[in-house]
Structures are given as structure tokens and as C-alpha cells.
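Quick notes on the structure that follows.
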Amino acid sequence: MPSAPSQRFVLTLACANRPGIVAAVAGHLSQAGLNILDAQQYDDTQTDRFFMRVVFDPVAGEVALDDLKRDFLPLADRFGMVWTLSDPGTPRRVMLMVSRFDHCLADLLYRWRIGELAFEPVGVIANHPAETYGHVGLGDIPFHHLPVTRDTKLEQEAKVWEIIRDSGAELVVLARYMQVLSDGLTAKLAGRCINIHHSFLPGFKGAKPYHQAHARGVKLIGATAHYVTSDLDEGPIIAQDVEPITHRDTPDDLVRKGRDIERRVLARAVRHHLEDRIILNGSKTVVFAD
Amino acid sequence: MPSAPSQRFVLTLACANRPGIVAAVAGHLSQAGLNILDAQQYDDTQTDRFFMRVVFDPVAGEVALDDLKRDFLPLADRFGMVWTLSDPGTPRRVMLMVSRFDHCLADLLYRWRIGELAFEPVGVIANHPAETYGHVGLGDIPFHHLPVTRDTKLEQEAKVWEIIRDSGAELVVLARYMQVLSDGLTAKLAGRCINIHHSFLPGFKGAKPYHQAHARGVKLIGATAHYVTSDLDEGPIIAQDVEPITHRDTPDDLVRKGRDIERRVLARAVRHHLEDRIILNGSKTVVFAD
Amino acid sequence: MPSAPSQRFVLTLACANRPGIVAAVAGHLSQAGLNILDAQQYDDTQTDRFFMRVVFDPVAGEVALDDLKRDFLPLADRFGMVWTLSDPGTPRRVMLMVSRFDHCLADLLYRWRIGELAFEPVGVIANHPAETYGHVGLGDIPFHHLPVTRDTKLEQEAKVWEIIRDSGAELVVLARYMQVLSDGLTAKLAGRCINIHHSFLPGFKGAKPYHQAHARGVKLIGATAHYVTSDLDEGPIIAQDVEPITHRDTPDDLVRKGRDIERRVLARAVRHHLEDRIILNGSKTVVFAD
Amino acid sequence: MPSAPSQRFVLTLACANRPGIVAAVAGHLSQAGLNILDAQQYDDTQTDRFFMRVVFDPVAGEVALDDLKRDFLPLADRFGMVWTLSDPGTPRRVMLMVSRFDHCLADLLYRWRIGELAFEPVGVIANHPAETYGHVGLGDIPFHHLPVTRDTKLEQEAKVWEIIRDSGAELVVLARYMQVLSDGLTAKLAGRCINIHHSFLPGFKGAKPYHQAHARGVKLIGATAHYVTSDLDEGPIIAQDVEPITHRDTPDDLVRKGRDIERRVLARAVRHHLEDRIILNGSKTVVFAD
């Protein structure tokens, strides 16, 4: 008799801190026949807020996600938790958005194809035509060419939203999509839209950060993945990295070196999001890294 | 009325993995009026062994460490735990050993003096005379000059052990002490003697690792802090770091660049040990880093 | 009138050190109407050998590479130089070899497609069938499937050599090609065959280095790009890099994290080779990095 | 017969770029019986300005620095060079300034004591009393306690300048000296006053950068060494570095982790300055790193 595929669930929660939360959660899971595989927690002593991520599986038999949620609800209510409970075996639906430079897009799709990143690409939205991305090999992934000009920005964005909505995308990744989203759209995508900015924020916000970095003469350049908010380049930071540069590096060299930083920082942020490792903490993030 | 100084305790444990450990520990602490401030766990799926570190404080009033230990014993026995329970407010007694190069010694003492590393230096054992370390400012720390030659090695080590034993040292740090300890002494110091080796192990074991690195033409050099075992440079690794080098670097440059790596790697390992963040896992370490 | 495309040349040289080399080279170029754009030099004081890389362009008009070589010959002979003079505008012919894991292959081809790495891919040799690399998008690049077994190793390698020879490949890149080359073939490819080994050499030579690293419990993993010699994993190192890992990382996690290190280290080594930035110095390399 | 101590000189120059500079400099040195040991150059194509650093020694006999300067003057004039020529065997006179936190001061003095940094400490100026630095072991280095309040700022700074001037200091290092210097004083110290700012500039200028970094939720913190100008935290950057942090790090943790970054970044900048590796390029630096 073949063994059933092993189940695994991820619980994240945030609530006001008070004694006994861990005991309550661990006790609840134990009594429900669920075994904790991993647990990480964080107590923000400045805001007195508590955050936790728990991975668990059933000790025996199979369980239904909906039952787990229903059973957890009373405890969650008692502590006033903001919480999620998900099955990592069900890949998230992800919409990818891109402008002319496709190194982040190509990298995310490569990681998806070899099974490193578990998600379902429900579409690619680009403001450049399909042939721009010929060598990326989009295959069967729906491609939406939505060019944008100053005059058509509003209509274009309306179409963007329509496509996202109809696709059922749970996550939108701005993989070097170089158009600023309106407040309305960012509000609709709150907490589920990740952007990669090609600087080590808060340095060099806005346009042409590598040229800004060159002009300032910094000795390291970086990239920042963050959730998109209505404040440009001010959203909660998920991941950042840098690399050393020298006076010899031209702006073009920075662009080249930056591509490597951008794609690895964005991939890390997307993976952490897909694995429910990120919990929002006001304008900051708690990232329970592996 | 002044508030009592806040208490805080650290529990570490390792045992065979089975469902319900977290619930049992969290439930025990909760029922004893203790609040979990931080908890980290690790399940080694290869050996099916479970590791945990819990920081907690009393919800109200004060508690005695001995009472906490007595109360935890039954649960520890039930799960067959190897465990420690300690009060980080009581600084550990630390013996420092050094040869000619004192950059690690000077660094550890600096961190101790400004309160970054909480320990009590119970002595410095050196095979070079006191004037070698004149500028380090040993102050009141007992200094033991124990020169060593091929012929006096055994006697010298006997004196080393006597001093360690009499000092009540809980941790011995080989801060670039360049004598190989005998199997007998390493056995006595098992799990409580940290060495800094000036290479990225397992590369370049043994003598003159920077010269070995230069001869091989590597492009990074490193340092490794590890617990000392009878197998030279083979003990459980606690921390490692590296820095880039180039063909232009002479062996002397590597020695210079290496000093910076060594002192920060050793300081990190010592801090993790003092904070009970390290649990031995066979020939490896579990390090619950901050 | 359109301006002529700007010319640029790269000279590399190695010879016994003695006073006046820089003056002789700079004087020669200046008198020939050539302007030094960049120059880097290195004096190995252990071997008393001198290394130099000079980038220059004609002050006016155009010059022929063959004329430049002919004119430089007397000076090169006088100093007993081992030297190269090349036109970076002429892309090198590169043969790529790969086994099952294609992340390095995909990465190199992506960098080639967007113009980051200037070379001409003259073929891909794989011991797995073409469909393995379907998503990489080989396009028009000749693909050679040369499966290999213990019994057919000699014949297979003979075919490998034939393909390399007929392709006119100036550089062979083992982009995770997991077969050991024979001494005969490595001799034929001396100084123009780059391998990526998935460990921080000299640690963890040979097979399954990530599993070796996991077993040893190191806290960093790395990758090493080196020229292939008959000594397995002992060739001159070109580039290395590492990333931190923790006790939580399984061998599979190391493989995943390692992919990112491998592809960036190999790409860096290939770029430095293509730009004539590497000069062999016995069993080591001089890398005039940008 | 004992060999004469080996001489070595360092030439730095900057001028408008034009063909033949390298040939002219190399030819001049060669004809003067001087052998180039190392040479690095940089051509800023944006400003068309040329920078060079040459290390040389006499082929035979001894030479006088003043003679070398006199002989080089005509060539320097011909190309309109801004240049320096110095003997690294003569340690520079360095004034150290510090406020309450002395980790950078202690680190610089340690490196000086073991001979890693070659300079002559001509004094320590502090706005805290001598006992603050008791464990640093200032020894014979003149100590100047110049407390400062809002009302006495002008007079205090006048005394600071007097001490610097009378000491003959060639370099002033603000080793976490937390007072803003006036425009007048920064003008007097132009190009010879290095500050360490405890953030990765241009992020988090001004006061309490670690608290700013914590509030923003960045995932890396850094430090920046730069020449002091009248624009606060805007001077030419010499060296920068960063380290990863997580949501778990409190502002106090950032201060602790930052100390390690600050001291190594400042030490690197000071070393590069003392070795004449830095040439100013407008508001940026050319750093001919080793």
C-alpha cells in the first residue's frame, strides 16, 4: 500500500504579547494530534507585539485545511490574533510584471522551472512587446502586453488590475517593472505585491539609482526587495544585499553588477513570501528566515 | 519602592524527537508561572534528534534557579533530555590562553571591559612572558607565564590544568594559543574549550595556514572557531568567516587581514557559548544565533 | 562623416622582473602612437616574476593587430616575455560542457544573450540528451549529446576532443560537467579550460562536496572556478565565493544555495578570462580584476 | 658589510588626461635610475581626468626625497599635475579625536602598537575626561580634555585647532568624535581629516543612525569613512562596509554590531590614507586599494 503524501501546514500569527501564547498554541496543536516541526517566534518589545510561525504535520492520518482553520479560530479569537494557516503543497498563483530589463523575470522563471521556487505563474504583464522577452522562454504562461504612456497611464493600470483580478493572483511581483503604481492599485495589492528597487534603500530612492550611486561615489551598491505601498520606495523592506564597487566602475558597470544583486534579493524575498516566512509589523517586516 | 531586578533564564535541551515536546515544555513553563520570551528549535531529520533553546522569565515575583531545575527534572527525564538551565545574569568564569600574537586576547578583553561580553576573566595563561602583553592592560587579571619546550610539554600542561581547575573556569578560550593540547587535557575540557584556527576549515589544517593559503593561491582566507577535541582542527565548528584576497597579498598581508577575521569569529563563538546558544550535535553544532 | 568604430587592444605579459620594463613598454606604445587607457602590474617578489596587463588604443587612425604584434616582438624578445595581444572586439569562440544540472549553462547563456559576456558559443556538449535542457533555449547553438559510461569513457572523450578541435573553440567551460577529463585531454586544453567546483577549495575535493560540507558541519559553503589540470580540483584558482549556512540547512538546501554561488563565481571567472585579465603564475593565477 | 636600509617612495598624481602620461612618467623614473615596483592608474572618462600612483625604489645607491621632488617638478608642470611624492618610511603625524565611545580609538592604537598601521600619534583630543579611556592605555600620547557645551563650542574648537596646529598633525582622525566641526575648521583640515559615520551613507545621515535604521527596518547596517567637509556626512567617501541584521536586532544590538563595522572601516580608510592610496576626485575618491 503506498503511503499517503505527507502533509505539512504553516501557521503564522501576530497579536499583543502576553504570557502563555506559546503554551496555548503548542497545547492546542498537540491535543489536535499535530506535531510541531519548526517554530520561530519574535517579541517586539517596543510595540509589545508577538509574532510566531509554526510548521506542523499530523501525527497520524490526514487532516483538512478547513478543519484546521475552524479548530484554530477560537484560540485565535481569544488572543486577538491576525493569522494565516496554509498548505505549502498548494502553490500560490503569482503574476509577474516586467519592463525592458528581464534578468529578474528570467531568474524567477528559471527557479520555478527547476522546482526551486514553488508557485504557479498565472501571467506576465509587460509594457514592452513579447519579442523583448523572446529568449526567456515564456512557454504557455499568458503574456499581456500593456504599453503605457503618460496619457494612457490610468487606462493601462485599469487593465493591469483587471488581469490580476481575473487571474486570481495571490502575489504580484514587480520584477523590474518600472512604472509607479497608483495609490488605488497599491491599496488593492497591500501585503501581496513585492518590488525590487535597485538601490540599498533608504539611499537613492527614485529614478536611476545606479547613476545616483556613481555620482555620490559610494563604495558599495545594493538592492532592496520590499512590499509596495503608496509611498514610493518606502514600503516594508523584506531583503537587501550589497556588493563592493570601486572608483573604476562606470554607471554601466554598476548596472551590470547590480543585476546579480537584484535577482538574488528578489528571489529571496519571493521565496520567503511563498513560504509564509514574512509577517508585517507596521512599516517593517518580521522575516523568519531559514 | 524600587522594582526588583528582572530575572531571566535560559534552558537548552536535546533529546530524541517525538511529538509533543514543545507542548510539554511550553505547558510546563506556563503552569509554573514562567513566560517564554524567546524559543528556537531544530529537528535534525538525519539523526531524528530534537534541540531547543528557551528564554523565559517569571510572570510575577522571583524564582530560584535551583527550584527551576528541580521542577524541570521530571519532564527532562521523561523525554531523556540532555539539558542545561542557567541564569545569564551570573557571568561565566573564563580562562584565556595565548601565545605571542595577542590580537584575539586584546579584543576579547576590550569587549569584556565595555560590557559587550559578559564573563569573568579568571586568568590568562601564556607561554610568553608578561611583558609581551604589556599594552593589552591585563590589570588585575591573574597572569600565568608557563613557557613550554619539547621536553617540558607534559609538565607544563599539568600546570595548565591545575590552574584551570583551581580557577573554577567554566570556559577555556584558546585565543591564538599555539600549543597542541594533549588528548588527556582535551578530554577534561570537552565542550568547554574554544579554539580559533586561522583558516577556513577543513582547508589548511595544521601549522602556518596563511602560508599554505598563499601557496595554494586561494582567493579568500578565513578563520574557524571550534570546540577543541583530540583530533587537531577537527572539533565541532561554531563560527567561520572569510575575506577576499588577491594575488597581490603576501603571506604577511594574509596574516594582517586574517587578524581581523580571527578576532571577530572568536568573539562571536565566545558570545554564543556564553549565551548558551550552542548545543553539540555529534561532531557538529546547533547554533541558535541571534 | 561617421566616426570609425573605436579600436582597443589588450596586452598581457609575464617575464623575469628587472628594472625598466614599464618604461620600455610605455615608451614603445607611446612612440607607436598608442595611448595607454589602463595598466595594471604585479611583481611576484617570491619568484621575482613580473606580470602586466595594458589596455591601449591608437591616438589617431586605425591599426592592424598583426602589425601591433610584429612591432612588439623585438621588445618581448629582449625581456623574454610570455605575452598575448588581442582585440577584445573579436569575441572568443567558447565551447560549453554540461551534465544534468544546467544552472551555470543557463546563466552563462543569459549573460551572453543580453551582451554582458562577449563570446561566441560554438557548441554545447552534454552527457544528457537535448530535452534535459529544453527550457534553456539553446536556439541555433550546435548541441552534441555524448553519453558516457565507464566502458565508453575513452571513446566519448575522443569525440569530445574532436568536436572541440573542429569548433575552433578557444575556451572550454565545464559548466557543471561532472565527468573527470583524462590527463591527455586536460593537457590539450591547458590554460583554456575552466571548471566550476562546488566547494571552497581546497576543502571538499571530489564527489558530493555539499554532502561532505553538511557532514563536517561547516558554517559557510562556497564554489571555486579554476583552470583544469590533470590533478583533480587542484588547478590554478581563478575565483571563489562563499555564503553563510546554518545547522538548519540540509544537503538539499546547500545544493540550492550553492547554485547561486556557482553560477556567479563561474561567470566572473569566464568574464575575467575573456577580458584577458588572468595570467598564469605557476600553479596560481594573477587576476587583474576590474 | 651591512646592506643599506631599502628605500621606497610613493608618487601620486592627477591631471587632465592626454596621451603619453604613463610613458613620460615611466621614462622619467627609468632615466633617473628608479625602478617601478607598483603602478596603478585610473582614467575618469566622465571628467577626462587621469590619476596615478607609483611606488618605486632606486636601482642602486640612495636618493634624497627632496632631489626626487626637484627632478620631478618640470614633468609635473608640463602636464599640470596635482601631485605628491613621499617616503613611506617616515610615519605621518596623526591626531586622534574621540568622544565617549572609544572602540575606534582603541582599535587604531592597537594596530599602531603592533606595527600594522605606521603613524606617529601626536595626541588624543577628547570631550570626555581621561579616565573615560583608562583601559585604552594611552601611555605617553599627549591627552587633551576639551569639554564642549553649546555655549563654549567656538572657544573649544579654537583650542582644538591650536593643538592640531602645534602638534604638526598631518592627519586628523575623528574616531567617533561626535561634535560637528565648523566650516572654518573643516576648511583648514580639507583632505586630511577622516571621519567615521555609523551608517551606510547616504542613508541615515545625522544623529542616531542606528536608531534610524531600526525604525526603517533595513536588513543591513553599515559604516562609512569619509573626508570631512563643511557639508555634514557629505564628504568624499573612502570606505564602506555592512553587515546583515534581522528584525530581532534591537537598536542596542545594532550599536554592538556596528562597532565591529566602524572600527574596521575606519582602520581601512586610515591605512589607505597613510599609504597614499587615496586621491581626491571632486566630491569622490580614487582609492588604489591593495
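Letters A, B, C and D mark the chains as written, and numbering starts fresh at 1 in each.
Here is the rule we use: contacts are C-beta pairs under 8 Å (C-beta built on N, C-alpha and C of every residue); 3 or more make two chains touch, one makes a residue touch a chain.
Bear in mind the structure is a predicted one, so any value in this text is a computation, not a measurement.
Counting one step per pair of touching chains, how few steps separate chain B from chain C?
1
Is the C-beta contact count larger for C-D or for A-D?
Higher C-beta contact count between the two pairs: A-D.
Superimpose the Cα atoms of chain A on the matching ones in chain B and note the rotation angle, 0 to 180, in steps of 5 degrees.
Between chain A and chain B the superposing rotation measures out at 180 degrees.
What whole-Å value do you get for the distance between chain C and chain D if each is reduced to the mean of its CA atoms?
Centre-to-centre distance between chain C and chain D: 37 Å.
Can you work out the whole-Å distance between the CA centroids of chain A and chain D?
That gives a centre separation of 42 Å.
So which bits of chain D are touching at least two other chains?
Chain D, residues with two or more chain partners: 42, 248.
Can you name the residues of chain A that touch chain C in the complex?
Against chain C, the touching part of chain A is residues 103, 106, 110, 113-114, 116, 135-137, 139, 248-249, 253, 256, 259-260, 264, 290.
In the complex of these two chains, what residues of chain A are touching chain D?
Going by the criterion above, the answer is residues 42, 44-45, 200-204, 216-220, 222, 236-242, 246-248, 250, 281, 283-287, 289.
Give the list of chain B residues in touch with chain A in this complex.
19-27, 29-31, 35-43, 59
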